[in-house]
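Scrolling down, you'll hit the structures one after another.
Two complexes come next, and they have one chain in common, chain A, joined by chain B in the first and chain C in the second.
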Partner chain A sequence: MRTAVVVFPGSNCDRDVRRAISETLKTAVEMTWHSEASFATDPDLVVLPGGFSYGDYLRSGAMAACSPIMGEVRRHADRGGAVLGICNGFQVLTEAGMLPGALLPNISLSFICRECYVRVERTDNMFTSGLKTKEIVQFPIAHHEGLYFLPPKELSELEEAGQVVFRYADPKSGEAGEQYAPNGALNGIAGICSKRGNVLGLMPHPERATIAHLNGGTDGVAFWHSIAKVFAGRGAF
Partner chain B sequence: MDFKEAGLTEAEYARVKELLNREPNELELRLIGVMWSEHCSYKSTKQLLRTFPSKGRYVLQGQGENAGVVDVGEGWGFAFKVESHNHPSAVAPFQGAATGVGGIIRDILAMGARPCASMDGLFFGDTKLARTQHLAKGIVEGIGSYGNAVGVPVVGGKTFYSACYNENPLVNAFNAGFVRLDKMASSQTAKAGDLAVLLGSKTGRDGIAGASFASRELGEDSNASRPQVQIGDPFEEKLLIECCLDLLDSDLIASMQDMGAAGILSSSSEIAYKSGCGIDVMVHKIPLREQDMLPWEIFLSESQERMLLIVESEKLDAVFAAARHYELDCAVVGTVTDSRRYRVYDGNNLIADLPVSILGDTPEISWPASAPSDAGERASLDISFSASEDAASDLISLIACDNGRSKHGIWEQYDSMVQLHTIAGPGRPAAAIEVPQTKRACVLSMEAEPYKCRTDPFAGAAETMAMSLRVIWLAGADALGMTNCLNFASPESPEVFYELTQCVKGLAFACEELGCPVVSGNVSLYNETTSGRIFPTPLVVTAGLIEDRDHFLSCGRSKAGCAVYLTGATEGSLGASRYQAMKCAKPLGLTVALDCEAERAFRDRAIKTARARAAISGRVVSGGGLAVALAAEAISSDIGMKIDLKPKTSAEALLFSEGGARAIYSVPPDKTKDFEDIWDGFPHMRIGTAGNAAFVWDGLFELPLERLKSAFIEGR
Partner chain C sequence: MIFRAEVIITPREGVLDTQGKAVEKTLINLGYTAIGKVRVGRIVTMELDAQDAGAARDMLRAMCRDLLVNDLIETFKISLEEIGK
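What follows is the complex of A and B.
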């Protein structure tokens, strides 16, 4: 699998994602500065990483959504390529209109960084086909604007279309829903994909659950392998 | 203006005239006044700080640079420093704390290191007061908003509550970073002909003369000082970090200095002074945020997110290209000369012309010192004060009180995982981060013991230092070095200066005897208001090194069936303990005097225990004593314990006394022989077993684990 990570001014999980992917999949990862008009290589997966692009000024993700590289990110998605937005990257995708909804300030109005459990709701997309439906995984969260919001009608359409991929959950009972959302996300939504299943945005950080000796667990490893499986045979750069 | 407005005493002004052989002009007077202020010159403490041991096998850069640097192996240096931002945080909590984080990050960056871990020492007043709640909320949000955005994880810290901080909270910001040894930067390597380049934010009127503000007591008019508090922009800082690291990586920077207190003035004069050069600064070339700023305002502005780079002229184009890439302002504002003069030009007009030495070689003051008149009263403790009639409820109170309960409400507001190198984050005594691309780990511990320093500043400071070392050793690490922040009231009071002197002696003694050099530090004086002084609050952060991170011994990992051991004395002292302060509403009595031989014996065995993996979990006995340490271990491991240890003197002394080299360990049954062999020659005994869902102390109490958890997590 070939991966490109977009670096916006103020991105701060760009190097983390590169490390998580390159160490797990033993591949090189292209880092692309936001002002480029295109990618240097021909990536299978484009990652919009976490952080505070443009300082989160105006609105989280709003300015990054207008960066020059986003034109190419959109074309990549239109061609059916995989686009993954993590945390601030998810916010950028909603601001760019590539995913529906908006990420509002957490219900506590505080930044929250902690372990977080989510349930895999769908596996019929480019990202989670290697995971099990209803499986619960731990991906840490770290955000101030993570309350997923969509008006009621669109929200039920999203649910009916099967676009909810991750939902905040209780690891003991296996139940998922809004009551387990640390940020107050509607329907407990932690991650959604596009109708085609090739664009995924999620608030939790799988890259923080990848390196075994660090404090975030290792549930992310299966996630990276799951994506890589889709592009097996494409090789690295 | 006269010399008093510039912050100089009559004697200092006379000295200025003597050095210059003339009257300074107004701009010169302001420049000298700020550089000679307590905040910039450390004039009250320089002679004390020189007594700290500075040499050690790991030390690459000791005191005198932007931060200390120690050698952590495989070509990596570890730069670290702690610095106060107390006064600004007292008047503008959010911005004061945020810019404290930003400032210490730039100190680490100035060494060429990528800032990679923050810790914060917070000292708040009585939590029942609306003012404390307001300050604490603003300070925590400020730290979070800056640190989270700039992408540096908070890996630990210390929060302490006492009414002595009601009006004057303390915010001590620590940062550390890794640097390749061949890329280390310095503020001492400028040479004549190089250009002075200002990178980052434009200069505005924020934080003008903040250094003078921090050099006096907080008064009732301190709110009027709000314009002297700086405004932070973590987005700009993030770009500044990436840009400077790129420039260093390409060897484009000859020397660099962050802009903290006294902004352009201190950064440019320090580089010139430390490099043995002179510098000409062109005030009209400095990019401004506001119109019509006067030269002195420009020189003293503490606008944030600026770095002063010294660049060889042929590398200038490449520096400008990097600045354009990151969309940062960049301007040549001066030239390094061999004149040893600090000259300021406004256009062609020479508006200040001073010997660099007058700005760099600042005066010293030795204040009179005398023991507090009530020293005897503070040190004595009537033993009948404290009989514990209900040990279980006293234990619950100690766990649930502000100083005992979990601080997750604070640290969950900080990103503790970004940069993907946190091995052990907040909520435990020792933080650990990996050294890039190696199996090595750096361990950090932050400690302060205000109660003990209040009743006996020497022994209290020594105990503070020893405590931070024990945490490092228990984790399995060798001590690399220490940085400290000395928070005190006005040194002009003989009692305060006495306490300051004694605390420095206590720290120096412990560092010398226990083999831990002091590599950097900061002093914050005048922490007092009309309503009182803070307790003497020396805060230390000790860094340690583990060559194989798999040897890192953490806490909260006890399992059913593990033998629970106590190593060290069964009892310490109730004097100035949390239990004593809770019972008497103020600290009284003496702590344990430092027993260096016992500490070294503990050190060797603790490190060996971790490296031999003879225990799976361990915890130093600290605030709250043995019972609180065991309860904390039970809570964090989510398992009960049964303890069988009889009091020698009294239940409260057994359960709650503090001080000395003591620790608890959880040892798997098949490791007890290894463990006992390692601890042979040092007091140790098996005191119980982990298991079940209750915390039972034979003959004293039995508490359900859930009861401990609600005390710790919910504070009730």
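What follows is the complex of A and C.
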């Protein structure tokens, strides 16, 4: 699998993503500065990492969504290429109109940084086909604007279209929903994909769940392998 | 003509405004019990050069669409003041 990670001014999980992918999948990862008009290579997966692009000024992700590289990210997605937005990257994808909805300030108005459990709701997309439906995975969260919002009608349409991929859950009972969302996300939504299943945005950080001794668990390993499986025939750079 | 513009951006009706709710609760705790529906938004001010007020408004509306406002969760009002030729 060939991966490109976009770096915006204020991104701070870009190198974590590179490390997680390169160590888990033993592959090189291209880092692309946001002001580039195109990628140096021909990536299978484009990752918009977490962080505080443009200091979260105006609205989280709003200015990064206007970056020159986003034109190429959009073309990549339109061609059916895989685009993954993590945390601030998810906010960028919604601001760019590549995923529906918006991420509002957490209901507690606090920045939340902690371990977190999400339930895999769908596996019929380019990202979670190697995981199991209803499987609970532990990915940490760290955000201030993570309350997923969509007006009621659009929210039902999103649910009916099966675009909810991850939902905050209770690891003991296996139940998922709004009551388990630390940020107040509607319907407990932690991650959604596009109708075609090739664009995924999620608030939790799978790249922070690949090293056992860091207490974030290692469930991220299966997630990265799941994506890589889709592009198994492509090889590395 | 030179204009000074103010774009007032507020959360849409029906969109959870946790900041507004927190401010409302604090004001009520301070004894301002006659208040309700507090919303917190932002104001963007700028100066701009346009042929007339109509052209200035068109330009500002385009800026709102392209960057300043997220139409899904926010609404906006524009106010204009002519400050020079």
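Annotations
By definition in this document, the second predicted complex is superposed on the first by the 237 of 237 C-alpha atoms of A that agree within 3 Å, B and C clash if a C-alpha of one lies under 4 Å from a C-alpha of the other, contacts with A are read in each partner's own complex, and residues count from 1 in each chain.
Here is the rule we go by: a residue touches a chain if its C-beta (ideal position, glycine included) is under 8 Å from a C-beta of that chain, and two chains touch if they have at least 3 such contacts.
Computed from a prediction, not measured in an experiment: that's the story for all the values here.
Chain A is touched at more residues by one of its partners, and among chain B and chain C that partner is B. In the superposition on chain A, no contact is made by A:Arg122 with either chain B or chain C. When the two complexes are overlaid on their common chain A, residue A:His76 makes contact with neither chain B nor chain C. By the touch criterion stated above, A:Cys66 is placed in contact with chain C alone, chain B being left untouched. In the superposition on chain A, A:Leu104 makes contact with chain C only, while chain B stays out of contact range. By the touch criterion defined above, A:Leu58 reaches chain C but does not reach chain B.
Touch criterion not met for A:Arg2: it reaches neither chain B nor chain C.
Of the two partner chains, chain C is the only one that A:Glu95 touches; chain B does not reach it. Applying the stated contact rule after C-alpha superposition, one finds that A:His144 touches chain B and leaves chain C untouched. No residue of chain A lies in contact with both chain B in one complex and chain C in the other. Interface residues of chain B facing chain A in the complex, by the touch rule stated above, are 141, 144-145, 148-151, 233-236, 238-239, 325-327, 412-425, 434, 549-550. Contact residues of chain A toward chain B in the complex are 9-10, 12-13, 15-16, 19-20, 33, 50-52, 54-57, 110-114, 140, 142, 144, 205, 207-208, 210-211, 213-216. Against chain C, the residues of chain A that register as touching in their complex are 58-59, 62-63, 66, 95, 101-102, 104-109, 147, 149-151, 184. Here chain C touches chain A in the complex through residues 14-16, 18-19, 22, 66-68, 70, 72-73, going by the rule given at the top.
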